[in-house]
Each structure stands twice: as structure tokens, then as C-alpha cells.
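Look for chain A in each of the two complexes below; its partner is chain B in the first and chain C in the second.
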Partner chain A sequence: MIDAVVIVLREVLEAMLVCCVLLASSYALGAKRTWLLPVTLAAVGGALLYATNLATLTALFDGRGQELTNVLLLVLTGASLLFYLLQLPAMLHNKRTLGKKEAPVTSTLYAVLIIASAAAMVRELAEIFIYVFSYGIASGQAVPVVSGAVIGAGVGVSLGIFIFFGLLWLGKRRCLQMSALLLGLISAGMLSQATRFLVQSGFLPGEHILWDSGWLISESSLPGELLHALLGYDATPGIEQLTVYVVSLAFAMLLLRKLMARQGTDGDALRQ
Partner chain B sequence: MTSFTTKSVQHAVRRIWVLALGYCLSVILVVAANQSSAADDPPTITLRIKDHLFVPAELTVPANTRFRLLIINEDNTAEEFESAALNREKVIMGNSEGVIFLGPLSPGEYSFFGEFNPRTAQGRLIVNGPQS
Partner chain C sequence: MISIRWFLTLTLIALLVLVSFLSSLRGYRESMAEAETLFDLQLLEHVKLLGLLNPASFLFGNTLVIADSVISTPAELELSLQLLVVYQIFDNQGKLVIRSENSPTQNMAVFEPGYHHAEFNGYSWRALVAQDPGDGHWIMAAQRNDVRYRLAETVTLQAVLPGVIGVPIAGVLIWWIVGLGLRPIQTLAASVRAREEGDLKAVELDDVPRELTPLTLSTNDLLTRLAMAFDREKRFAADAAHELRTPISVLKVQLHNLLHDLNTRQLPEPVLQPARLSLQELGDGIDRLAHLIEQILVLNRTAPAQYMRQFVPVDLLELVQHVVSNEFDHFLSRDQIFSLDGLPVTIAGDKTALQSLVQNLLINASKYTPVGGQINVAIGREGNKVVLQLEDSGPGIPEAQYEQVFDRFYRLSDEQHDVAVSGSGLGLAIVKHIVNMHEAEIRLSRSPSLGGLCVKVMFKQYPQEKSV
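Coming up: the complex of A and B.
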């Protein structure tokens, strides 16, 4: 049962981190919570499709279908998170010119929120479905697997709620900055993971492993998992991975600086 | 301080598109260059999953060689091949198979495990040969 708790927790952790940081950021911006329903429907629907067709999917493109689907989902999440960061300063600008109490959130921004969180959740949810149904119940271990999964999901969701309120506790202004920083780190991690799947499926050479820090922080340990979800930590990164990571992180930090500059010139940009 | 107008946002969005296109193009170029240079198929090494165990539990491969690892799952249940040392993870559904590309690796031992049976489904990849 402990195995089930750990497996489900690590999947939930990654998805919850993206969703809760986005939720906190959009909440500070004054977005309505209407986007949560489409996200849930898209994520559960997408995960069911992914999980039930995985064998077929894996066999596509010379056995590279699974990796290519993961690349698609990861790039979709990473790119929409960067796009969200790009949109933030404009949102604050709209708020000032229109003089409304809260920043008017455009439908584009809602679409970006939905795509980013749904794409982040599909793969993780699908792995949980596969673990619970295609492994746990199929091998007659329904009770330990399902109860472990429920505990793992509970812990993961609680951590997510904790992160959400922690970010809001900072106040709107700091919340926006802190979540932008976190989203930048997460998106760089996602894009670097996408690169790793391209290496795994033989599309990129992957000849140069840069270092092995597994002796210091193992990827399968709890701190390793946390760092993986937050920073895209990898104990044995390839050169392609590191390049993508550094470039996207630099881009995200540029956008973060723009946001802070915008907040600086705006006397009351979400002050509280 | 820069002023943020609709125009400058549009400008930025255009730049994003250019960046994204650039990323995709460079990936395609690298992939194309890689495919043509590695025209001959790398050798395939087979690993089976049976009764939630890896068979054989120890694989030996030469150093500095690129190869495909074919994982055949003979159980009715799904398993996930995972290795932090090799930096790979892949779900293999019941009664199906999957391929991952590995190498060139430097000599040493690389452990892997089945994520759904982490205590029992364990294996090692032993890479033999001279340092490059």
C-alpha cells in the first residue's frame, strides 16, 4: 500500500503544482473560477483516452507514439505557461486604463489557463488510471492499490491547497510575482522533460550526459520528486535538455522582470 | 520603463511565434541530420517482463554503442519501466511491447526497475568495455 501511496502522490504532485500555482495567480488577477470545470472535463476525458488507447498509441510511429504524445502534452503546457507570463503585464495595464476594481481577464487568458492545466493533468491522471485499473485491479490487488491511491491523492491535493493558500497569503502583488517565478521554473522543467522524451525515442542523439547527481539527490527520493516537479530536476541530464532548460528559463525570467517593471510603474498594481 | 500597449503585446506575440517556429525548425534540422547519419538501424536488445519480474534481470551491452531496448510485457497487467541512472521512463501495457533508445553509454552499472513493483521488479544494465 505504501508503494501505491508514493506512486500516486508523485503523479498528483506534478499536476497539482501547475494547477494550484495557476489558480493562485489567476485569482490574484481577479479571474473567475469558471475555467475549473472545462479543465476538469478536458483532463479526465483526455486521461481516459490516453490510458485506454496507450498500447495502440505506443505502437505508432515505429514504437515512438507514447513519447511523441508526451512531448506534445509537455510542450503544450510549457508554451502556454510562458504565454501566460507574457500576457500578465498587459492584464495589469488593462486594469489601470479601464479603472476597474479587478483586472479584466480576456478570453485568451482563460483559454491559456485551460490548455496549460489540462495538458499538465492528462499524462499524470492517465498514469494513475493505468496504475489503478490496468495494474492494481487487473492483478487482484484492488484493496491495497485503491486505498493507497486514495491516500496518495489526498496528500497531493492537500499539498496543492497548502501551496494555493500559501501564495495568496503573500498578498496579491507578491503572489503574482512568486507564482510567475514558479510558473517560469515549471515551464522550463516541462520543456526540458519534452526534450528528454525526444532523446528516449531516438529523435535526438543524447550522447552527452553532463553529470550524475544521483548520489546527492536521488530522483526517486521525496526531495528529488519535489525538485523534479518544481524545477524539472534530473539526476543525469543530457546536453540537449540543459540547453532547452536554460533558454526557456532565461526567457521566463525576462518576462518576470517585465511584470515587475509593470507593477513598479503602476502605483496600485494589485497592491494589497 | 517600457509602456505596454496592445501594439507592443501584438509585437511580442509575433516574436513568440518566431521563437516557437525557430525551436521547431532547429529540432527538425537536428533530427534530420541525426536520422541521415544513423541510417543503419542500431542493434536491438530484448528485455521481458514476466510475473512482475524482469527477464533477464541482468543485461550486458558494449560501451559507447547506441542500441534499442525492446521491452516485451508478457503479463496481463501494465508496468512502467523506469531508470533514474539511464534517465528513461515508459509505460508498457499488459501483453504489449515498447521501444526506447539508449546509449552510447560509458562503462558501468545502471539499475532499472518496474515502477508498479519497485521492490521485486529490479534489474541492472551492465556496460562493458574500454573508456572512450
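Coming up: the complex of A and C.
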């Protein structure tokens, strides 16, 4: 049961972090919550599709299909998050020029929110489905594995709820800044993770491992898992991974700076 | 801002889940450790029991089959086989003397007293090794680790599961209780919302919880100030209009006297003529002023926020006929053709206000329709609405100004609308107010038949007429 708790908690926490930070950020912008329904449908549908076709997926591209699917989902999430951050200053500008209380949320932004959250959830949900089915239901361990999965998911979702309300508690202005910072870190982590998958599947060279900090923080420990979810922590990063991480993080921080500058010039921009 | 109910429900459930699940996990680990100790004790008891036997009487290959006689179902047999403690007894030279059926022929664990991990028969085992202090023979007993773990987990899960299943039930209860706790806010909001438009009485404080008292008090304070402001405004307009009537009447009388005085004096015609003309214009001015004051009075009386609704069934056709007969001089003086079509229809409304509405629309039409022009009035039904329609052959109103013409003191001034046409600029504002008061609708358009303005007022049908 403990294994089920740890595995499911790890997956749920990763997905919840992206979704809850995006939800808080979009809430501060004044977006409606209608995008949550398509996200849920797309995520559950996508995850079921992924889990039931795992064998076919794995067989693609000389047995590297699963890695490539993961890369696709990670890049989709990371790039959507960066695109979302890119849109934020423009949204505030529109708000100011139109003189409305809330920033007008465009359909493009809703689409980005849906894509980022759904892509982040598909992989994690699929892993949970596969684990619960193969280690639980199919091996006669349904009760302990399902109980563990429920506990792990419950703890993960609860933490997500606290992250969401914690961000909202900061007030709209700081919520936007803090969520932009978190989204920047998450997207950089996801893009570097995608690079790692590409290296693992042989699409990128990556012979050079920069360091091994496994002795300090093991990837499988709880702090390691949390750092992995939040910062994309890797105990043995390659040079490509680090480059992608630094470049995407620098880009995200540039966008954050732009957002803060925009908030600064607008006297009452989303100030609570 | 997120709803209080959602915030409380979600955070309370999240807190409950975190506390209960994390304590369940803690309980699970503790229980598993306890179960391990119990199984170890069971092994120890086996070893102690085996120690009581006399090794000299052992026969190699004997197995105990007593248990089989009390086992009835195959599932119990399976469990008993899995639970079975396997054992080996060696003499002090390390030679196997006796062993249970499913134990290996080699020693299961090292010859060293204590608990050990062992691997045989394709499973991992927990083994206890003991040496007899008397003759030094060795006793080894072992249990399968996976069986011990599964059994311990089955027992422990029985304690954890109710907590996991209970959380959704607790969630529903939290949702319901939070809603119950927030009900006074909804009740307060509903009582404020359900008030009549003009009701500015203070909110009752009897059933208001302590937390909402400051809010209720400040709302009451606001309502009092609002009522006072409304009252002041109402009094001011009414007093001003009323007080102005008297000097205007005096002015009229004085003007009449002046004209009479002028006519009785034997003045030459060239002197008299300009004086008469000036006095005529002065009279017109006084009339316009009087009209303006009357309109302000009507507007004040019919403002929806202050109007006490006293609706009665009104026959719209009859009402229009009445107003037309009063105002027919207008049409005659301008040589205008007037037509009225329609059947008797009843609406619920205030008679005086409706008369004012029809009068204002008719006078407006007559004023802006050229001499010899045409005005059509029609009364009918459209779906479940009663429609009053006025069309004229005047210049109409540009579409862009359809909204603005209902503003107070708004006057149309373009080449087609003669600025010299007398009017207070309040007529259509009054019409709009009366329309709002009756929860009716007013639409302006271009008349397809006459080319001028077409005004359409759509009233709700009188409730008793709906079935007709």
C-alpha cells in the first residue's frame, strides 16, 4: 500500500502543481472556470487512450515510441506554459486600454490553459492507471493498491487545493507574479526533462554527465520528488539538459520581469 | 472573489484528507510493525514448543497432520499451508534430524541463534534459529515473508479502509454544514432582494447572527440615508413645482389685466400693435413655463423608485380615445389627418400615468408632423403583448439618437427638426419612465407606411385576459 501511496502521490502532485498554479493565475486574471471541464475530459480520455495503447505506442520508432510520446507531452506542457507567460503582459495591457475591471481573457488563452493542463495530466494519469491496473487489479492486490492510490491522490489533491488558495491569498497582483514564477520553473523543468528523455532514447548524444548529487538529495526521496515536480530536479543532469533548463528559465524570468514592469506602470493593475 | 462556501468546503475537506490520510499511513506503518512482532512471537512459540520434544524419539520425515482434521474448506487449507511454519531440527553436529514436509534438506539459515532472512523454495522467509542449551541441538523455524506481509496488510487495511471510505461522506456533510452555516447570509440577501423597489425600511436585526450584525447595521444606515435623500429630492421637486405654480398664475392674471387695460385705453394703433405683440409673446412664454412645471410634476410623480404602484385594469382603446378627444384641437389647428384603429384591450396600469404617456406621444407626433401631415394610432396584440403604435409622417429621428431622446431635457436639433418647436425636452423622458413603471417596452423605428417616426409600446397583457 505504501508503494501505491508514494507512486500515486508523486504523479498527482506533479499534475496538481501545474493545474492549481494555472487555475490560480487564470483566476487572478478574471478567467471563467469553464475550461476545467474540457481539461478533465481531455486528460481522462487522453490518459485512458495512452494507457490502453501503451504496447502499440512503445513499439513505434524502434521501441522508442513511449519516450517520444512523453517528450511530446512534456514539450507541449512546457511550451504552452511559456506561451501563457508570454500572453500575460499583453492581457494586462488590454485590460488597461479597455478600462475594464478584469482583463479580457481571449479564447487563445483559454486554449493554452486547456492544452497545458491536459498535457500535464495525461502522462501522470496514464501512469496511475497503468500502475493501479497492473500492480493492483491484475495481480489480485486490488484493495491495498486502490486504497493506497486513493490516499496518495487525496493527499496530492489536498496539497493542490492549499497551493491554489495559498496563491489566491497573496492577492491578485502577487498571485500573478508568484504563479508566473512557479510556472516558469515548472516549464523549464519539463523542457529539461524532455531533453533527458531524448538523450535516453538516443535522439541526442548526451555522454557528458555534469554532476551526481544523488548522495545529497536522492531523486526517489520525498524532497527529491518535490524538487523534481517543482524545479525538474535531476541528480545526474547532462549538459544538454542543463542548457535547455537555463535557457527556458531565463526566457521565463524575462517574461516575469515584463509582467512585473507592466503591473508597475499600471497603477491599479489587478491590485486587490 | 471565490465563494465562501467553496473555500470553506474545499479547504476543510483538504485538511480532513491530509490529517486523516496521513494518520492512517502512520497507523498503517505502526500496525505493520506490530504484526511483524506478533509473527516473530509466533515463530518463537513454535521454536519453544519444538524444544520440549525429545530429539531422541524423532523419526526422520514425520509430519504433523493433526491440523488437517479441523480444516474444512479448501481456502482454509490453502491459508493453513501458506501460514505453515516450516521447521528443521539438527543435532549438535549440524546433522538434520527432522524436518517438516516443505522445508529444504539443507539448513534454512545459518547456525547462529536469532532471527534471519532466508531464501528457499523460490520465496523469501523469516527464520528463527535457536540452540538447545542442554545437548546443543539446533531448532530452526521459518515463515514466508510475503504471507506474513499480506496477512498483516489485510488486518491493517481493515482499520485504514473505513477512514478512506469515510472521507467522501465527510465531504458531503461538510458541504451541507457549511451551507447551513452560511444560510443567514443568504436569508439576509434574499430579504434585501425581495423588497419592493421603493421599500427602504431598515432590515430586521432579530435573526441576524452576531457576525453579520455590523454589515446589517451599516446596510440599515445606508438605507436610512438613501430614504432621506429620496425624500428630500421628492419634496424639493414637488415643492418647487408647486411653489412655482402660484406666481405663474399671478403672472397670467396680471398679463390678462394688462391686456385688458391696454385695450380699454384710447391709444393710437401704431403704439398698441407692438405692445400687443410683446404681450402675446410674453403669454406664450408663461404658457411654456407652466407646461414645463407640469411635466416636472408628472415626471416626479411617476419616477419608478418613488411610485407606489396602484395598478388597475385599464381599457387602452378607451383611454387613447379620451386623450385624443382632449387633444384633438392640436391636430385640427395643424390640419393633420388622424386615424385610430384597434379593439378594446385591457392592461394593468395607472390611469393617470398612462394618459400622460399617450398625451405626450400624441403631442410629440403632432408637433413634429408638418401641417397637413398624417398620424396613425393602432392598438392591437402581438403574441402575448398588447401593442400601442403611433406613426407619423414627420421627419422621424435618426437611428443613432434613439437612445438619447429618452434622456431628460434632450432636444433634437438638426435641419429637419425646428428648434422653434416649443417643448420642455421632458416628454419622452416621462414616456420612458411610465413605460418602465409598467414593465413595458418601447421601441422606436422608421414608419414603413408614413416615413416618419414609429413608436411602439408593448405592454404586458392583463392577467385575466391571457386565457381569452
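In the analysis below, the second predicted complex is superposed on the first by the 272 of 272 C-alpha atoms of A that agree within 3 Å, B and C clash if a C-alpha of one lies under 4 Å from a C-alpha of the other, contacts with A are read in each partner's own complex, and residues count from 1 in each chain.
To be clear about the criterion, contacts are C-beta pairs under 8 Å (C-beta built on N, C-alpha and C of every residue); 3 or more make two chains touch, one makes a residue touch a chain.
Everything numeric here is computed off the predicted structure, so don't read it as measured data.
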Classify the contacts of A:G63 with the two partner chains as first (chain B alone), second (chain C alone), both, or neither. first
Quick check for you: in the superposed arrangement, does A:S220 touch first (chain B), second (chain C), both or neither? first
Partner chain in contact with A:G238 - chain B first, chain C second, else both or neither: first
Which holds for A:F162: it touches chain B only (first), chain C only (second), both, or neither? second
Which partner reaches more residues of chain A, chain B or chain C? B
Between chain B (first) and chain C (second), which does A:G202 come into contact with in this model arrangement: first, second, both, or neither? first
Using the superposition on chain A described above, determine whether A:S134 touches chain B (first), chain C (second), both, or neither. first
Applying the touch criterion given at the start, work out whether A:S107 contacts chain B, chain C, both or neither, answering first, second, both or neither. neither
Could you look at A:T34 and tell me whether it touches chain B, chain C, both or neither (first, second, both, neither)? neither
Can you name the residues of chain C that touch chain A in the complex? 2, 7, 10-11, 13-15, 17-18, 21-22, 24-25, 28-29, 153, 157, 160-161, 164, 167
Chain B touches which residues of chain A in the complex? 3, 7, 54-55, 58-59, 62-64, 66-67, 79, 82-83, 86-87, 89-90, 93, 127, 130-131, 134-135, 138-139, 196, 198-207, 209, 212, 214, 218-220, 234-238, 251, 258, 261-262, 264-265
Which residues, counting only chain B, touch chain A once they are in their complex? 1-2, 4-6, 9, 12-13, 16, 19-20, 27, 30-31, 34, 52, 68, 75-80, 84-88, 90-94, 96-101, 104, 115-119
So in the complex, the part of chain A that touches chain C is made up of which residues? 1-2, 5, 27, 143-144, 147, 150-151, 154-155, 157-159, 161-162, 165, 168
